[in-house]
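Labels A, B, C, D and E are assigned to the chains in the order they are written; within every chain, residues are numbered from 1.
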Amino acid sequence: MLLAAAAAGLMTAMALGLVRALIGPTSYDRILSANSFGTKTVMFIALIGFVFGRPDFLDIAIAYALINFVATIALMKFFRYRSLQASLSRLAPAKDTGADAGGAP
Amino acid sequence: MSFLLGHFNYLIVVFLMMGGLWITFSSRNYIKRMIGLALFQTSVGLFYISLGKVAGGTAAIVLDKTSKAGEALNAHLSPDYVARAGVDGVVYSNPLPHVLILTAIVVGVATLAVGLAIAVRVREAYGTVEAGEIAELDRTEAGPRA
Amino acid sequence: MPSFATPLDANTIVDIALLAMLAVIVVAVARTRSLLTAIILTSVYSFISAVWLVVMDAADVSFTEAVVGAGVSTIIALGAILLTRSECSRIPWRETLLPLLLVTVTGGLLVYAALDLPSLGDPSAPANIYVGRLYLQHAEHDIGTPNIVTAVLSSYRGFDTLGETTVIFAAGLGVALLLGFGERALQDTPRPSMAKMAESGQHVVLRVSAKMLIPMISIYAFYVQFHGDLGPGGGFQAGVIMAVAIILHALVFGLQETMESIPPQLARGLSAFGVLLYAGVGVVNLTNGGNFLDYDHLFPRIFEEGLPDSHLVGGHHIWGQHFGILAIELGVFLTVASTMVTIFYAFAGRAPDLSPHGEG
Amino acid sequence: MNAFIDFYAAPPGLTAHAAPLLVIGPLIAACAAALSPSTRSAWMISVGGTIFAFWMALCLAGEVARNGVVNYYMGGFAPPLGIAFRIDALGVMFALLISGIGVMAALFSGHTLEAEIMKGKRRLYQSGFLLCVAGLLGLSATGDAFNAFVFLEVSSIGTYALIGVGVDRRALPAAFNYLVMGTIGATFFVIGVGFLYAATGTLNMADMSGRLATLGDSRVVEAGFAFIVIGLGLKAAMFPLHGWLPAAYAYAPSLMGVFLSATATKAALYLMARFLFTVFGPHLDFVGLFLTWVMAPVAGAAAIICSAQAIFQTDIRRILAFSSVAQVGYIMLGVSMASAEGVSAGLFHLFNQALIKSALFMALGGLAFNIKATKLSDFSGVGRTAPWTMTAFAIGTFSLAGVPLTAGFLSKWRLIEAAFAAHWLWAVGVIAVSSLLGLIYAGRMLETIFFRAPVSEERAGEARFGVLVPLWILAAASVWYGLDASLPVDLSTAAAQALGLAPAGAAP
Amino acid sequence: MSEVVTWIGSSLAVAGALAAIIGSLGVIRFPDFYTRTHAASITDTGAATLMILGLILISGWSVLALKLAIIWAFIMLTSPTAAHALTNAAYGAGERPQLGPWRLFDRDRKEAER
């Protein structure tokens, strides 16, 4: 029962986290929210296995964590380098234009 | 109420399909259309999975009914329901829709990749991915029609 | 409680909540004009639907949806908006009337039929009592794998999976035809020396954690590959995860580095080879006297009898089925992994043409 | 099918597995072509793969002639558990048509790719073409509804890219529209199959049909029917849903024009006929209503409106593309009569159209070396400078317009006969009017090509020999079948019978 | 004994869920991107640690516990890295914190670039 309460709490947290992804205002907020949503998803999958009595599916949760990470890195490269091919250690970062995020000072 | 709960999934999935289709039809931007298409295809997957759900069931990975997990599952269910809906004492959801949707998801990502690749080429050839501007460019640069 | 029309149990509540979130996201995607936002929200959509799929007992589908929808699709779409633009134009309301009509008609038709469908979870719905139940009853007996989805996917409906692998191969082919293999990435910018890379010292955190993660991910991919009979997973998911590891390498260490270890030609060749392997297993079955993709005839009769525990279970050779599934899953793995890498190379390696439109 | 009854094309061991090999042959060839070292070897693999498929189709034709139906269980699992191939006279007709046109297109491809595709990509192009052949052949052979979707996508995914890769940039938006419409069509098909699965619990078409018959009317089945018809209608460019087709065919590289115009929409029509008659059956109320009150009027409208649109096109390939949509109208008109005569006449017309359209596109593609433009006016006087190519083109055009002594005339005539037999006098009128319009655009093309003065002397020259061979085979076939139509008539009559439509009178 | 352990484990899971809720509230309520990142990344790892520890207690010594530990390691490795990469990208692309002396820093840096 307590586990179910935990699942419900996590569900609430996911719903709340979604709000920031929806309202923005900058794209970074959305990515942050999406990333944090992904982490909560991982926890939720792990938890729901115990709640529903079939905890064999933890394998999937690892994949979620992994995908979540790689997608965030790709988004980060999108902003910082405007390219997916650049090496992180080589190219100078893109200039401070903040084209997508309207948050430039 | 029971009817609504029983069909809630289908109604929402229909809404999702309509949303995806709406994005595809109404957008003029090629990338946005592909996103809509991807959402549409995913929603169809959700529809299939809804069809295959069996109440009180578990994923179709064979489980011994005497194992801990099996007993935990059956604790919620009445024995005659398990006897009616289950196989070897465990109730599973229908695996066939899962198989079909696995295939459909793969087809979906294949379509997405090709569609986006075409969009990139369109951008290189026309300088835009907006359908209206492309039609305009075709009209003006192909010369007046006879 | 035992009947299928259970009002508001935990399962139903989670189901309703997740679907509601999906609906909200679809509305938001439809409303936003920033493509980047649309892509981020679509990736969240994939995550939510993956959770929903777990709740609906579709573990394998959930796995696939997560790695494909939230992972590969997002990265490809990002690559695409980098090469095009990340804003879309406003739609004049006049142009929304026809789409609205079409969507309403389609939706009406869907609702018309959906209300006539059996209730969710009805165990005696036609869909659940016939073929699906037959699989549940026979799969372990016929094929010998506990994961029935894998059994159906790779043996009963193995031909579908061959088609699916071909579709992936075709997609890789199409993208390569349209965008090339990322050869432009190899042309420009001179290669820096390793020493210079080390001293520049940027993103140490990322580089170090990527170095730790990439081997872990690869091992995990193989685990998913070979564990697919027993739990969720299989060639497709493993292939995507492997590709994601390679993509992570390219994202962190640069596309050129990755292309040195895994040349585009190799990736392209492997993707064709995977399909060949799959089809080849089928042809071997033919030559050994079975039907196409009938793994019972994977081995010649004499060899089969020499295997330990070689026995017919319900007229099926468990060893043949076992190794047949392994072989075709390997084919799927190769094709999927190399095709995803090919697609990533094509998108990431295409330098954006510098033309005045759009900022991307 | 009498022509094939004593036809043993291969040893029995091979014939027994002809059904999967029909698909697997081109599929393996596609992989081999992608891996092959040179353009030339890829071309040879392509020709070899399609010839192999044609050979297997011939084997199947023999088997079907002897046994009626060929059933093949993939993986040894009988339906409903496994996927079954079920090939009857209708399927075999399409397998023969697709693989035959495939051979011609493969022969043609050696030269056309040199003219239109970048050097490094020709192998991949061959590979994609073979995948498309494999997908369409699988579509004609499969007896499983979901497997049909998979093959629909196998044949389409590569095609989208193949259409877009060419010299004409207008091909790209065309390919994109085709992709969106094709994917929506395929997804609608999946939704429809999902409804049918929800109603019957099976995916095997024969099984499904049996269970639907006992089920009676249900809203789920009706909606499934609607989605399948709309989805396949999109794929088949059924009249109001044909918007993607003209641009896609007109601006695509010639090889795709040749192959797709002859096969892709036809394969979707095949699948629709399969669902209409085999899975549902005209005895169901809503199917009958649909055929009479939706499909027939729409088909008539397509035949007239698209023929009229073809007249006003300036681009020669767009004329042919609109004509294709109009011809789909004729075929559907025949099918919507739901009588043995009507369906067999429609199928006969489909057979002719496949030959004609691929010949016409091939003639134009053969000149692509010399004439880069595609406007009709650019082809002025080409008939004088490239007589061999353009004579074949003229034969195709005559057949298209339905001039007597060509196959096109015979099939239109049989359509009219069928319409009289069904007491659909309006359909006779539609065919007459549309044929008249067809004469106008055919005449317009021929007038420009043969009787106008050439734009400039040095531009136009004869197509290469490698193009002329398949071109003339196709042209000769349309003349031959105009004189002696026993083979296609035989095939289409047997196909109509295989759909469960008994012939009213004696077959001619 | 085992019931007590299960109870403790469940309580930890609930605590984790609470941490997640608090984090989400922080993400909604905080004024700018950097403070939101702070809220999200700290509570993510914290919630994951609490919850997975709880689940490990529930599952006892088994493969499940090992898998949970792997998931935990994964999250601990990826979540902070992702947050770091994201803030780095945001800062590099010109997103600035809203409050306090950072403004000053920002102006200094701008001047130095000129």
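Methods note: a residue touches a chain if its C-beta (ideal position, glycine included) is under 8 Å from a C-beta of that chain, and two chains touch if they have at least 3 such contacts.
Every value quoted in this text rests on a predicted model; they were computed, and no experiment measured them.
Annotation of chain A and chain B: jointly contacted by C, touch as defined at the top.
A centroid comparison over C-alpha atoms places E as the chain most distant from chain D. Two chains share more touching C-beta pairs than any other pair, namely B-C.
Averaging Cα coordinates per chain places chain B and chain D 30 Å apart. For the pair chain B and chain C, the distance between C-alpha centroids works out to 13 Å.
Work out the mean CA point of chain C and of chain D, and you get 32 Å between them. The set of chain D residues touching two or more other chains comprises 146, 150, 153, 157, 160-161, 164, 191, 197-198, 203.
Multi-chain contact residues, meaning those touching two or more other chains, occur in chain C at positions 59, 79, 110, 115, 117-118, 125, 127-128, 131-132, 135, 157, 160, 163-164, 167, 170-171, 174-175, 178, 203, 206, 213, 231-232, 347. Chain contacts: chain B has residues 17, 21, 30, 51, 58-59, 61, 96-97, 100, 103, 107, 110-111, 114, 117-119, 121 touching two or more partner chains.
Here, these are the chain pairs in contact: A-B, A-C, A-E, B-C, B-D, C-D, C-E. The part of chain C that touches chain D in the complex is made up of residues 109-110, 112-113, 115-118, 125-132, 134-135, 138, 142, 155-160, 163-164, 166-167, 169-171, 173-178, 268-269, 272-273, 275-276, 279-280, 282-283, 286, 290-296.
Contact residues of chain E toward chain C in the complex are 74, 77-78, 81, 84-85, 88.
Against chain B, in their complex, chain C makes its touches with residues 1-8, 12, 15-16, 19-20, 22-23, 26-27, 29-30, 35, 38-39, 42, 45-46, 49, 52-53, 56-61, 64-65, 68-69, 72-73, 76-77, 79-81, 83-85, 88-89, 91, 95-96, 98-100, 102-104, 106-107, 110-111, 114-115, 117-125, 127-128, 131-133, 135-137, 139-140, 146-149, 152-153, 157, 160-161, 163-164, 167-168, 170-172, 174-175, 178-179, 230-232, 236, 343, 346-347, 350, 353, 355-358.
Chain contact summary for the complex, chain E toward chain A: residues 7, 10-11, 13-14, 16-18, 20-21, 23-25, 27-28, 33, 36-37, 40-41, 44, 47-48, 51-52, 54-55, 58-59, 64, 67-68, 70-71, 74-75, 78-79, 81-83, 85-86, 88-90, 92-96, 103, 106, 110.
Those residues of chain A that touch chain C in the shared complex are 4, 7, 11, 14-15, 18, 21-22, 24, 27, 30-31, 34, 37-38, 41, 44-45, 48, 51-52, 56-57, 59-60, 62-64, 66-71, 73-75, 77-78, 82-90, 99-100.
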